[in-house]
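Some structures to go through are shown next.
Next come two complexes, and both contain subunit A; in the first it sits with subunit B, in the second with subunit C.
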Partner chain A sequence: MTVSATLSTPARAARARRAGARPWTFYALLALFVFYVLALYGPMICIYILSFQDVRGGLVFPMKGQSLHWFVDLFTQVRTGDVKGAFGRSIKLAALVTVLTVVFSFLAGWAFRRRFPGDTILFYIMIGSLVAPGLVLGIGIGLLCNFLGIESSLYGSALGAQLSWTLPFGVLVMFAVMSRFNGTWEEAARDLGASPLQTIWLVVLPILLPGIVAVALFGFTLSYDEFARTLQTAGPMNTLPLEIWSMTLNVTSPSLYALGTTTTIVSFLIIGLCLGAIVAIQRRRGGRATRGE
Partner chain B sequence: MGLKIFKRYGASWLCILPLALVIVPFFLLPMLVVGAASFLQGDGFGGIIASPTLANYADLFTSKLTFDLYFQTIKFTVLTWAFSLLLGFFIAYFLVFHVRNQLLAIGLFLLCTVPFWTSNIIRMISWIPLLGKEGLINQAAMGIGLTHQPMEFLLFSSFAVVVAYVHQLTIFMIVPIFNSMARIDKRVVEAALDAGASRFDIMRLIIVPMSKSGIALGSIFVVSIVMGDFFVIKVMSGGGSASVVGAFYEDISVLQYPPAAASAVVLTFVVMGLVAAILRTVDIRKEIAP
Partner chain C sequence: MARVRGDIELAGVCKTYDGEVMAVEGINLKIPDGAYCCLLGPSGCGKTTILRMIAGHEDPTDGEIVIGGENVVGLPPVARRTAMMFQSYALFPHLSVRDNIAFALRVRGQSKAERYAAVDRLMEKVRLTELADRLPAQLSGGQQQRVALARAAITEPRVLLLDEPLSALDEQLRIQMRQELRRMQQELGITFVHVTHTQLEAIALADVVVVMEKGKIRQAGPARDVYAYPRDRYVAEFLGGQNVLSGRVQSVDGDSIVVASPQLHGIEVPLRKGLVPEPGGDVDFAVRRDEVALVRPGASGPPPHGAAISSRVVAVEYQGSFVKVMLDTVPGREFVAYVPERRFFDDPLAIGDVVLATWPSQSARLLD
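Let's turn to the complex of A and B:
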C-alpha cells in the first residue's frame, strides 16, 4: 500500500510529461525570461526613441516633438567634440583589430591543439591578459611607452592594448570551434596527397569558416566598444567610446542619445552581417549535402 | 638535440608566436613596469625618480580610505555576482531544459547575447530616462498613486550601480552556463525523473554539479570586470560611491604615477587571487581547450 502510494507521484509526473503538460516552473521561468529580455532591451529602446525629439527635447520622457535635430547637432556642433572623426578612427582601428585577431587566434588555436613546451604558461598569461583590470593595463602600457621614449598612438599602443583584450577572447572562441573539428578529415586530406598548406586552405578553413566569422564579430565589436584599455593609450586622437565618455560627463542634451542610436546601428549592422554570413555558409553547405556534391 | 626539439615543436611555436608577440609586450611587460613603478618615487610632475622605496605601499596599507574603497568595490562585486548568477543560471536552465524546439532555443539565446556586441557605455546611460527623478518608473509610480514624491534612490545611487552592472554582465553568466548545460545528456534527467527524483533533487544533484564549469567561467568574467571597473560606479552612483580603480584614476590625472601603480599592483593581486580561487574549483583548461 505504502509502496504504491510513494510510486504514484513520480508515475503521475511521468505521465504528465509524456502528455506534454508544462510544470509550474515553466511558467515561472518564462516570466523571468520575459522580464529579463524587457529589462535588457527596454532602456536601450527608450534612448533610441528619445534621440528623435526636436529642439525642445530633454533627457526624459515625455517625448517633445519628432525630428532629426539631435543627429544633425551631433555631427555639426563643435561643442560635442569631433564625433565624425572619432567614428572614422574607431571603425578603421576596429577593422584592423578584426583582421589581426582572426589571423592570430586561428594560428594560436591551431598551436594549442597539441601540447608543446611553454603551452601552459602562455595559456595562463593569456587568461591573465583577459582578466587584468583594463585601466591598470592601459597605465602600464603608457608607462612603458614613456620609459622607451615612444609616443602613444592609435595604431601603436592602442592597437596593442586592444589586441591584448580581443585575442584571448578570439582564442577561447577558436577553442570552442576547433573542439568540434574532426581530426579524421585532416588525415583524409593528407592521405589523398594534400600538402599541409593545402589541407589548411582547402579543408580546415572552409569547415571552420562559421567559427572564424564569429571570431571576427568578437574582434570588431570588442575593439569598437573598448574603453578602459584605450583611455590611457590612444594618444592625442580619441576613439568613439572615449568621445561618448567625455560626452556623458558634460553633455546633457539628447545629442548623447543620438550618438547612442548611431553607434548601436553600426553594431547591429555588423552583428547582422556576421550572423547573415554564418547562416548563408550553413545553408550553402546544407544545399550541397542534399544535392550530393 | 636542439634541432630535433625544434623540428618537433617548431610549427607550434611558429603558430603561437603572433599571440606571444602581442601579450608579452602589451600585457606582461606593462604589468612588470607597473610593478616596478610601485617601488619608485614620483617627482610630483609625472616623472619618476629611480630611488627605491616602500612608501607607496606603506601609505596604501595605512590609509583608511584603501579599506573603504575595497569594502565598497567588493560589496558591488558580491551583489552583482549574486544577481547575475541567479538570473543567468535560471535563464540558461529555461533555454536548455524548457524550450523544446532547439531552433527557438538558439534564437532566444541569440536574443540574450546581441546586446553584448553593443556599447556598454550606451547601455549604461540608457537607464537614465527610466530611473531618473522624472524618469518613467517614477512617473508610473506617481501616476498610479504608489508614491507622492519621486523616489530618489533609483538613480545616482548604489541601487543604480547594481542595476547597471547586472544589466551589462548577466550575459557573461548566461553564455558559459548555457554551454555547459547544453552538454548535459537529457536522458540523465529523464532517468532521474523515472527513478522518482524531485525537481529540487535534479537541480541539486545533476544540473548544478554539471554546470559548475560554466558557473566558474561566468564568475571569473563578472568578478574581474566589476573589480576592474570605475566607469559605471562613477556615473551611476552620481559621485556617491568610489571604487579602487576610480581612486587610482584620480591619482593618474594628477600625475601621481607611483602611488597609483602600488594601488594597481595590490588590486591585480586581489583579482588574480579571486580568479585563482575560482579556478581551483574546476580545471578550466580541460573544460575549454580542445
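Let's turn to the complex of A and C:
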C-alpha cells in the first residue's frame, strides 16, 4: 500500500505516456517551433508566391493571376537594371572567392595541425576581422584603396573585401574538418614510400574531400550573398546583392520578387549539388558498410 | 639472388623528448634474421618508441640501429626495407582493398596493369581475392588486419614491424589471428618485431621475448626462459605464473641458501650462477604457481627437501583445466597455487581451510 502510494505520481506519468498523451510542455514547445518556422520561411514564401503574378500584378497581396511574366520582364527590361550582367559577375566572383578560400583555408588548416610559436596569436589575428562591422570594413578598404591610388574594382578591392569575410570562416570550418584527420594515415603513406606531395595528393586530399566541399560551399554562399563589404569596394560594376538593393530603391514591380525567386533557386541548386557530392563520396566510402563493424 | 638479411641490432639506443623525458634508455638488443620478436611491457614503457625508431618514423637521440649490417639511422622507411603495420591498421578509407595493397607500388610509379597483377597474386596467396573491391569500412576486424598485413608485405620488406596488431580484435579472433601472424611470418621468412602488452600473446608467438620497463630492457630471451626463469622480480610478476616471496638470508651453504622472514621459516632456495647473496641481506625468490602443492596438515608429512608454509584459503577460482587457489601465505601479497583440476576435486578445498603450501626446494628460483 505504502509503496503504491509513494510511486503514484511517476506511475501516473508512465501510464499517461503509454496512452500516447504528451505533457503540456510538448505543445508549448511545438507552438514555439511552428512560430519559428513561420517567421523564418513565411516572408520568403510570400515573395516567391507574389513573383508568379501576371502583368496586372502589384507589390502586395492579393495575388493577381498566375504567369511567368515578371521573370521575362526581369531579364529583358532595361529599366530594371542589368540583372543578367550582375548575376554573371556575382557567379564569377563567387567562384574565384571559393577557389582562393579553399586553397588558403586548406594550407592554414594544414599548418595549424602542429603547434608553433605564436600560433594562438596568429589564429586570433586571422579570425579577428569577423567581429569588425562589414560596412565599416568595406568603407575602410575603399578608403585605403583610394589612398594608395588603386581604383575600386570587382576583382581587386571587392575580392579582397569578400576574402576578409570568407577566409576566417573557411579556416574555422577547415579546422573542424582536419581535427578528424588521423595522422597515422600520413605515416602509413610515408611508410609505404610516398613522398610528401604524393601523400597529400593520394591520401590527404581524397580523405578530406567531403570537408573541402563543405568549405567551398561556405565560401561560395558567403560571397554570393555578400553585401556590406562589397558596397563600398565594388567600383562601377554591381554584384547581384548590390543590384537587388538598388532595385528595392527604384523598381516597383513584382520583377523584384522574380529576382528573389531566381537567386533562391540558384542557391538551392548549388547547395544541393554540394550536399549531393558529399553524400555520394560518403556512400562510395562504405555507406553499405553495415556489416563492417 | 642473395637474400637481404633482416637481422636487427640496437646499440646504445636512447630517445628523449624535449630533452628531458627519457622514453628509451640505452637499449642494446640483437634480433636474429627471420626471428619473431615480441617487445613486451606495460603502456609507456618505450616499446612502441623502439618500434617506431626501427621503422624510421622517429630518430633516436643517441645510438645506432643496424639492419642487415647497415646503420639505418636517418634513412626513410623505404630505404630501410622495413614495413610497419599500425595499431588501428591505418587502411586508407577511400581506397578499395586492391588499391590499398597496391599503394606502395603506385607511389613507385608502376603502371596500373603491372601493380594489379602483383597485388592479385598476393591477394590469392593470403585469401583476400573475394574482398578485392571492398572498402575498409566494409571489412571485419580480422579482414582489415589481413589487408594491412598484405599492404605491408607487398614491397617484400626484410623486417615487418607490428604495433599492437591484435589489440583491436575480440578475444576469440585474437587467438585465431595470432596463429595467422605466426604462419605468415614463417611463410615470408622475414623478421617480425611485434609490440604487445599481453604476456600470453608474447610467449605464444615469439622466438625472442623482450620484457621492458620504463625505457629499459629487463630481460630478453626465448619465451620459455623468460617465463620459467625470470631474472628479477619485475619480470616474474609481469609475466605471471610465479609467486614472488622475499626474506632475509639466514645462511649460505654450498649451492643453496636458507631464507627466513616472519612468515617463512628456513626456506631453502638453490643458488643461481652469478648471484652471491650475503648472509643477513634481503633477497627475492620465485616459485611457480603450478609447482605449489597443497596438503592438508597432518595428512602425510611434507616432502623431503621441500618447503611447507601453513596458509589459509582466501579464494578459489575454477579455470577449467586447473583450479586457482589463493592463499594468505604472505599478508598483503598474492600467493597462488594452480592445482590440476582432478587433484583438486579429489579433496576440494573451501575458503577458510588451512593447508600447507609446499614445493620442492630446487624449484624455487632466486631473483636479482
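The rule we apply is simple: the second predicted complex is superposed on the first by the 252 of 293 C-alpha atoms of A that agree within 3 Å, B and C clash if a C-alpha of one lies under 4 Å from a C-alpha of the other, contacts with A are read in each partner's own complex, and residues count from 1 in each chain.
Methods note: contacts are C-beta pairs under 8 Å (C-beta built on N, C-alpha and C of every residue); 3 or more make two chains touch, one makes a residue touch a chain.
Because the structure is a prediction, the values reported are computed rather than measured.
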{"item": "Fit or clash between subunit C and subunit B when superposed on subunit A", "value": "fit"}
{"item": "Contact breadth on subunit A, by residue count: subunit C or subunit B", "value": "B"}
{"item": "Subunit B versus subunit C as contact partner of A:P133, first or second or both or neither", "value": "first"}
{"item": "Vertex subunit A, arms to subunit B and subunit C (CA centres, degrees, nearest 10)", "value": "100"}
{"item": "Touched partner set for A:R190, first subunit B, second subunit C, both or neither", "value": "second"}
{"item": "Which superposed partner A:N182 touches (first subunit B, second subunit C, both, neither)", "value": "second"}
{"item": "Contacts of A:V204 with subunit B and subunit C, given as first, second, both or neither", "value": "neither"}
{"item": "Contacts of A:I278 with subunit B and subunit C, given as first, second, both or neither", "value": "neither"}
{"item": "Touched partner set for A:G160, first subunit B, second subunit C, both or neither", "value": "first"}
{"item": "Closest Cα approach, subunit C to subunit B, once both complexes are overlaid on chain A (Å)", "value": "14"}
{"item": "Footprint overlap on subunit A, comparing subunit B with subunit C", "value": "none"}
{"item": "Touching residues (chain side subunit A, partner subunit B) in the complex", "value": "6-7, 9-10, 13-14, 17, 22-23, 25-26, 29-30, 32-33, 36-37, 39-44, 46-47, 50, 59-61, 100, 103-105, 107-108, 110-114, 116-120, 122-123, 125-137, 139-141, 143-144, 147, 160-161, 163-164, 167-168, 171-172, 175-176, 178-179, 181, 217, 221, 224-225, 227-228, 232, 241, 244-245, 248-249, 256, 259-260, 263-264, 267-268, 270-271, 275"}
{"item": "Interface residues, subunit A side, partner subunit C - complex", "value": "182, 184-185, 187-195, 198, 202-203, 206-207, 209, 284-286, 288-289, 291-293"}
{"item": "Residues on subunit C engaged by subunit A in the complex (per definition of touch)", "value": "55-57, 76-78, 83-84, 86-88, 90, 92-94, 103-104, 106-108, 135-141, 151-152, 155"}
{"item": "List of subunit B residues in touch with subunit A within their complex", "value": "5, 9, 11-13, 15-20, 22-31, 33-34, 37, 87, 90-91, 93-95, 98, 108, 110-112, 114-123, 125-130, 132, 134-136, 139, 167, 170, 179, 193-197, 199, 220-221, 224, 227-231, 235, 245, 248-249, 252, 257, 260-261, 264, 267-268, 271-272, 275, 284-285, 288-290"}
